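Next, two complexes with chain A in common: one pairs it with chain B, the other with chain C.
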Partner chain A sequence: MQNSSSSKALSEREDFIMTKGDNKENIKCDQQSLAGAVSQRACVYSGARVVLNPVKDAYHLVHGPIGCASYTWDIRGSLTSGADIFRSSFSTDLREKDIVFGGEAKLELVIEELMEAEQYKPEVIFIYSTCVVGVIGDDLKAAARKAEAKYGIRVIPVESSGFAGTKSKGYKAACEALLTLMSDFKAESIGVENKKMAVDSRNEIKALSQLNEDYSNLNTKEKIRILQKKLSQINSLQAGRAIEDFKNKKMKEQAENRRYIRKINLLGDYNLAGEGWIIENYLNDVGIELAARFTGDSSIEDIRKAPTADLNIVQCAGSMKYLAKRMKKKFEIPFLEISFLGLQDSLDSLRQIAQHLGDQIIINKVERLIARRLPDTEAKLRIYKNYLSGKKAAIYVGGAFKAISLVKQFNDLGIKTVMVGTQNGKESDYEKLKDLTDPGTIILDDANPSELEAFMREKGADVLVGGVKDRALAYKMGIAFFDHNHERKHPLVGFEGVVNLAEELDLTINSPIWKTIRSDIDG
Partner chain B sequence: MQDLVPKEYKERNSLVINPVKTCQPIGAMYAALGIHGALPHSHGSQGCCSYHRMHLTKHFREPVVASSSSFTEGASVFGGRANLETALKNIFAVYDPEVVAINTTCLSETIGDDIGSIINGFDVPAGKTIIHASTPSYVGSHITGFSNMVKAVIKQVSEKNEDAKTNNKINLIPGFVDPGDIREIKRILEAMGIDYILFPDQSDVLDTPLDGSYDMYPEGGVTIPELKDTGNSQATIALGEFAASDPAFELEKKHDVKPYTLKSPVGIKATDEFLMQLMKLTGKEVPAEIEKERGQLVDIIADTHHQFHGKKVAVYGDPDIVISLTEFVLSLGMKPVHILTGTPDKKFEETVAEMMESADWKYNLTAGGDLFQLHQWIKNDQVDLLLGNSYGKLVAKQEDVPLVRVGFPILDRSVHSYLPTIGYKGAILLVEKISGALLDRKDRDTDFELIEFVL
Partner chain C sequence: MGNLKRLDVNPCKMCMPIGAAIAFKGIEESMLLMHGSQGCSTYMRRHMSTHYEEPIDIASSSIDEQGTVYGGEKNLRQGLKNLIKLYSPKVIGVVTTCLAETIGEDINRIAADFKKANDVEDISIITVPTPGYGGSQFEGYYLTLRKIVEQLAESSGAKSSKLNVAAANLSPAEVREIKRILDLFELEYTILPDISKTLAAPFTKDYSKIPPGGTKISEIKKMGDAAFTIEFGTLVDSSLSTAVYLKDKFGIPAYRLPIPIGLKNTDQLINILAEISGKKIPLSLKEARGRLIDTMIDSHKYNSEGRAAVFGDPEMIYAVSSICQENGISPVIMATGTDLDIFQRKLEELTADSRDQNLIFSDTDFEEIRNYVNEYNINIMIGNSDGAFIEEKDGIPLIRVGFPIHDRVGASRQQNIGYQGSNNFLDQITNQILALKHDNYREDLYKEFYQANKGAAAAKDAAELKVGEE
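Right after this comes the complex of A and B.
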């Protein structure tokens, strides 16, 4: 690293930092943080929790000491249009004796208390594993199976022991749990449905065998044929073949339906400040319905229906591309990586979706929507550009997808990105960032506060875009801050979002407070 | 919000719904931040450290820096020794703190890392100090963690002069309180002319001014020489049985410094007791300035007592503050009917029950409860006011009860960490908040024709 801040960085960190225009080919990323680093990163559990928790009518039970539940209680800020049980914090609150003797017994008791509480009617319980649970070796799968059998509900373990990788691994664990939930629909013969089906088929068999038909006016051959048919029906029911038949029939029906309804799934949106609703409005406007949302404002029923969709669109690729890939393989649903962050990206995304569905009516409707919304949005942005042009921004966010869209939007607003980093970016993301930025821009992976401080100071940033921990740092340096994290209060997607972003940037960068930092009384 | 809180109370022994506590390491981290030039270090997974920093940052709205051993799967199998050694090397090389204060986590505790022996084998750079506290997340709460870190500091740092000569100072352990409270305690001590060593001291660490520069190690915090000197002090005052008394007893055990445990001085009675103890120990007088504040507080309560009398209150939060708040609202003529802490300790129930002896109304009291339980209590016996942290806001909203925010954490309001709750001044501010909340509610509920200017 050839710059004045090299003294601030560990030599081991050099490979994780590059300056656009220098000779370094690649940036090192997607690695565990160094021990001793003041990393902004979290853990596997945290990744699983932020992705899965917005499933609004599921019961999210954190199996571990209380802290893991306390710190993540309602952390995401996902808005819901209905059930809000996901906003309650459920924990097994493991104590010393549970650590010594194992936590499974307590988990069992907790589930029992949850099931016996008359106010709750859990249909699905997600059990999150935490560090200590991973170490003491509680068998969550066995506990879940036991609870499923006992209560006839779905209990899905989430393999999210904190130490077992990075946050990205937690995203995957959450995606796996979602896939488990979806498998209920495709394979009706397992889990909860299984019981119901078994009862149904038992009744059917009973009814069939008790059926007294009048054979008097049939000849022997016909009689045998009918009896054989009856017998084979009973056999097939008993062998579970009827279940298969039923499943096939249902899937066939779905396939028929799919030809007529344009339904897509929205992946990687968490409905922060109602962002998912904004996207859904656009889609409805052009004649597309959402089958399921992953996971902002999602319900168990939606998610189970997700395999019937024509297309998956992926907003936050970092957290959900994995799920899209898995769904493609498992359910043959194609996916598109889109982004509703930023004006051009929003337009491109709408057009891509329409093109992909190949429906001329939808394509036309998208153009009409754009024609209707674009002039007003651009006019508003022009006003803000006057106030923002020439400012310098530093970006340090969790997901690379956010960083990329921010750099693009800043370019549009005349804001120069002088530093950009992510906690969880991949090599291809950093390539993209390199392409988008000007020479001299610092690009870094998994930064610590002293690096952020040094580069912001060196590059004279006017605003930092980051998470909650960075806000206080920026302010302390007398630098404006823009919240692009879970706690954001204004939607940043689509036409509304780009204007909100510009408005908020103006509000913070041009606040009079920054002018009052230095005064004559300081001498 | 759906109302999923039934009136009927059902015994729950295992499931926790909406906690009123969190885990030990965050308390340890907060305590460590009150040592000058200290970098708190979390020996566990990255998530713990990240969450604690985030939570503290949300409450104080200040940068909170701490490092982590960044455990991997390997560390969890083979132990965290290598991680801690690498971490310490990196910390001293890059962040150059004067002190590293290590806390453990549930993970490292369960694996059984022996931090003491790892540090013994580590070549500590000259002039630097490493402190380590055992803070298993599955024991006690964040308050226990705070206490454990302060206790570790005493155990590992305090010294006694060979000649056993006293430094004529009073040790003061303020407990898990805000920088605004610590400033108030110091102001009182200084006004009385008392020499003191206050620890941990987060003032000038988590309430620093914005001047365009960021200092990873702000000027505040108790220094290592001061901490060493605690062994020579005349006595130790611990403000709060749960967060502060253990370290005071440790100091007695180690260096025979006499401990005095008092309630957190919130309200008239507890502040009186605090000042009286100071007078008794030092022979100093309470200056007119402070006496006047007491008089003003009494005057203010006299002016407003009709607003409070007979009003029912629910108090929840950390044990020390809840105990003192209960005593204070009783002195205002209010009726605490639900009193709850998440920290599991029967001593809490005993202390509060003693205070409530003269209460001629039915009340609920528990240690180790959660907000769901509090909500159920309120459904059965409605209150006029909630006193506690931000997490009560959903209960407040659903039951349409005003909430005055006191304690930790406060995530949805600002400025609280700069202002005291402690002392007569703190009580004046509390009266203003409580009175304001009750009267705002009254104005909201009064018909337009009946609105009055003078209340």
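Right after this comes the complex of A and C.
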């Protein structure tokens, strides 16, 4: 049994694959792809593009040969409630002579054209670097500075040369660009100041209360002095004046809290099929407002205001935890890792957010929202469970956060996960996957079609969950397929999403087509 | 009209390597390796996979930062090794990307060294330089066909009676149709690339990673002995032309024809086939021709209302504009993103008799196409699904042909060539024009003759009333 997983793969790939329950404790991940293995991964540029492109009123200019722009033009399903200039592809379309003589001159001309065109009014331009630009050494920073000075707009380079790492590095490059945009936010703006004051006063009270607790190390005299002081405080409280003071202070503090604490940023949601809107609806329902979205349906204005928020919630950790960490350091905004993929995770996330905000009204409203939505959802899921229980699923997706949520949801639906892998998972993600799956499950990083095929066959998978490229493979093998990609047109978050997931699994797994072709497959 | 713009907004082209990928997919037992950054192969796989609805495996040498600085030879060698282990191909296409070309990788030498150092004499490695900035998919496709032939075709000294066919970027169903027509003339032929099965593989019990079918290497090797070459590519530069190469190198007569869409283009092909085969035109083709003409007559009045924008691959634009032109559908806009000098001249010739002003653009983008589509009252667009953007924004219907088609199924089953295919294609266009008519004529006439009159009367009444008030 040992190495049953590895024998299907190239020897260099063996360390990236394990069978749960076998000797191997963990797998390698987060490495450069193996040449010739037909990795499903993309590049640094693609990572940057996925994360940054949904900023709806920004101009996304790809500095490179046409292919990079062409293959990424409007292929993602991020929906917008307003501007849609982000759906247009802008490119410098570099040619041979630009490669020889350098692309900076063309970049300058292209920006000039963009600024002079009547139909365009850029306020922010993101310039994406590509492979060749990285090699020929165009100075994007200088070009950006020059354009900013000339046109008085924001021009932000994105360091996304394709070869210079993996997709995760592109996520970071995009996050850096977003941070640059946020740095436009001025400290004198209300949010940060207010927040700072509130934090100061909270700390004061906290310090005072701690001081009051501990008398053990004090000598008698000091102890008496403190107790006397406290007594006089109590006396003055009794006198009434202090009571008012205290009340006022408390009220002021609460008002202060209220002013900012209900505003949060949603990170790592790309509003695919309106998923960001669904999450926002829940939050609004319980009295929470979104300051900014990163980056589905986000505007430049939103992002600039993001530092005023008091909490960041991170949906897709793989792409945006980095930004959350940076914002914590820079703007002192705490963050919560949440997930609205899956029922239990959605409930937990709502409760976690409410608990973090510490507002009893919000906590109550969350419970009411759950009470209102849960019974229907569970009833529907029970129906689908009848159809799905006992089926076997293989999962191969880009982000580990998706994989983890899928395994959990499959467990709930009685579907057994027989193979699970990701393109960009980290060690901790694979630990989680190991905990969630049954012995015998294949776990793998940066897989290729040959491995997917071999393991799906070996494990007798009924359905593959994956991206566009994997769909045809599943179908050719006579296996059902569930679309979990950036092009999807059905939301998978929250109460709506879990039902959509079950429904789509049912319609593909239990389609009459498999019965029709059974004789071809078995015979 | 050339495009003076430097900024590309919504590209009407792709890059060279994807053209190479399509060409290599039509070679038997072949795999492709892109020498460059990992992303290129993944993007192109996705692009092709949604179009053909087939698994598209393309390997990458996954050049990283180190490879970029110190050279990617190690990556390429390792890539070839792994590829052979996983796929056991008989042919490997090694094509470059922007990155590999920019850092100056010598793929010919590396491939030769690799063959020497490893025991892989039975594997043909074919190299094609396809930097993304060096041209579009159009040049990438034709260059690849030529390089395959350059590196494989030989002359045994003995002439065969066979026909070489260098196909355009057609659908698998269209390649099948070409083969059917050649069979009708009882010709022996080598068609390159033969994607009829490889990119439209029938469902079978056993999935094979390299789908069966494709042009056989042994056949390509014999192309130097053939009696004739037909190449579907009238806009292809002679330096990229397989037919020209075979003529120059082996003295094989070359016929360079447009894609057989429409009566005139199909006639051209059929007449040449009759000539070189020495056979009469088969009855079934004659009948199909008659039926096509019958349709053209039946539909001519409807067609006359068509004002078309045709875009995509230059060769496809030429053929589609041709069927439009001969049916009275005005190809008002003919536009390609490919930078191609001959495009202007060839399409001007094609539309010389046109009463309309025809706008011909090469090296353009969809922003420019969209501007003219609106300015020139286009009522039908014919091209790849990248035009869906305009369809969505401006409500002008798009008939999807060519590559890529991402948002509809059946691209690999599209059959628009020959008399029969042209007939179906023409019906599709005519029906779109008819649908427009039926959807709008009541309201249009109501507005023009009833509402306008009533509205004017009402305005007059109102004006008089106002005068009265004063």
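FYI, the second predicted complex is superposed on the first by the 433 of 523 C-alpha atoms of A that agree within 3 Å, B and C clash if a C-alpha of one lies under 4 Å from a C-alpha of the other, contacts with A are read in each partner's own complex, and residues count from 1 in each chain.
Following the convention adopted for this analysis, contacts are C-beta pairs under 8 Å (C-beta built on N, C-alpha and C of every residue); 3 or more make two chains touch, one makes a residue touch a chain.
Note that the structure is predicted; figures quoted are calculated from it, not measured.
Peer 1: Putting chain B and chain C onto chain A via the overlay, clash or fit?
Peer 2: clash
Peer 1: Could you look at A:Ile85 and tell me whether it touches chain B, chain C, both or neither (first, second, both, neither)?
Peer 2: In the superposition, A:Ile85 touches chain B alone.
Peer 1: Report for A:Glu301: first if it touches chain B alone, second if chain C alone, otherwise both or neither.
Peer 2: The answer is neither, since A:Glu301 touches no partner chain.
Peer 1: Should A:Asp435 be classified as contacting the first partner (chain B), the second (chain C), both, or neither?
Peer 2: neither
Peer 1: Of the two partner chains, chain B (first) and chain C (second), which one does A:Glu118 touch, if any: first, second, both, or neither?
Peer 2: Only chain B is touched by A:Glu118; chain C is not.
Peer 1: Look at A:Glu222 in the shared chain and tell me whether it touches chain B only, chain C only, both, or neither; answer first, second, both or neither.
Peer 2: After superposition on chain A, A:Glu222 lies in contact with neither partner.
Peer 1: Now for A:Arg518: first (chain B), second (chain C), both, or neither, which partner does it touch?
Peer 2: Only chain B; A:Arg518 stays clear of chain C.
Peer 1: Where on chain A do chain B and chain C both make contact?
Peer 2: 10, 12, 32-46, 64-73, 87-96, 98-99, 106, 109-110, 113-114, 117, 130-132, 134-136, 162-165, 449-450, 453, 467-469, 471-473, 475-478, 517
Peer 1: So in the complex, the part of chain C that touches chain A is made up of which residues?
Peer 2: Within the complex, chain C touches chain A at residues 5-11, 13-15, 17-18, 33, 36-47, 49-50, 52-65, 67-68, 75-76, 78-83, 85-87, 97-99, 102-103, 131-134, 136, 201, 203-205, 207, 209, 337, 339, 367, 386, 389, 406.
Peer 1: What part of chain B is in contact with chain A in the complex they form?
Peer 2: Going by the criterion above, the answer is residues 1-2, 4-6, 8, 10, 12-19, 21-26, 39, 41, 44-55, 57-58, 60-73, 75-76, 83-84, 86-91, 93-95, 105-107, 110-111, 136-139, 141, 208, 210-214, 216, 342, 372, 391, 394.
Peer 1: Can you tell me which positions in chain A touch chain C when the two form their complex?
Peer 2: Chain A residues touching chain C: 10, 12, 32-46, 64-75, 87-96, 98-99, 106, 109-110, 113-114, 117, 130-132, 134-136, 162-165, 448-450, 453, 467-469, 471-473, 475-478, 517, 520-521, 523.
Peer 1: Can you list the chain A residues touching chain B in their complex?
Peer 2: Where chain A meets chain B, its residues are 8-10, 12, 32-46, 64-73, 83-85, 87-96, 98-99, 106, 109-110, 113-114, 116-120, 130-132, 134-136, 162-165, 449-450, 453, 467-469, 471-473, 475-478, 517-518, 522.
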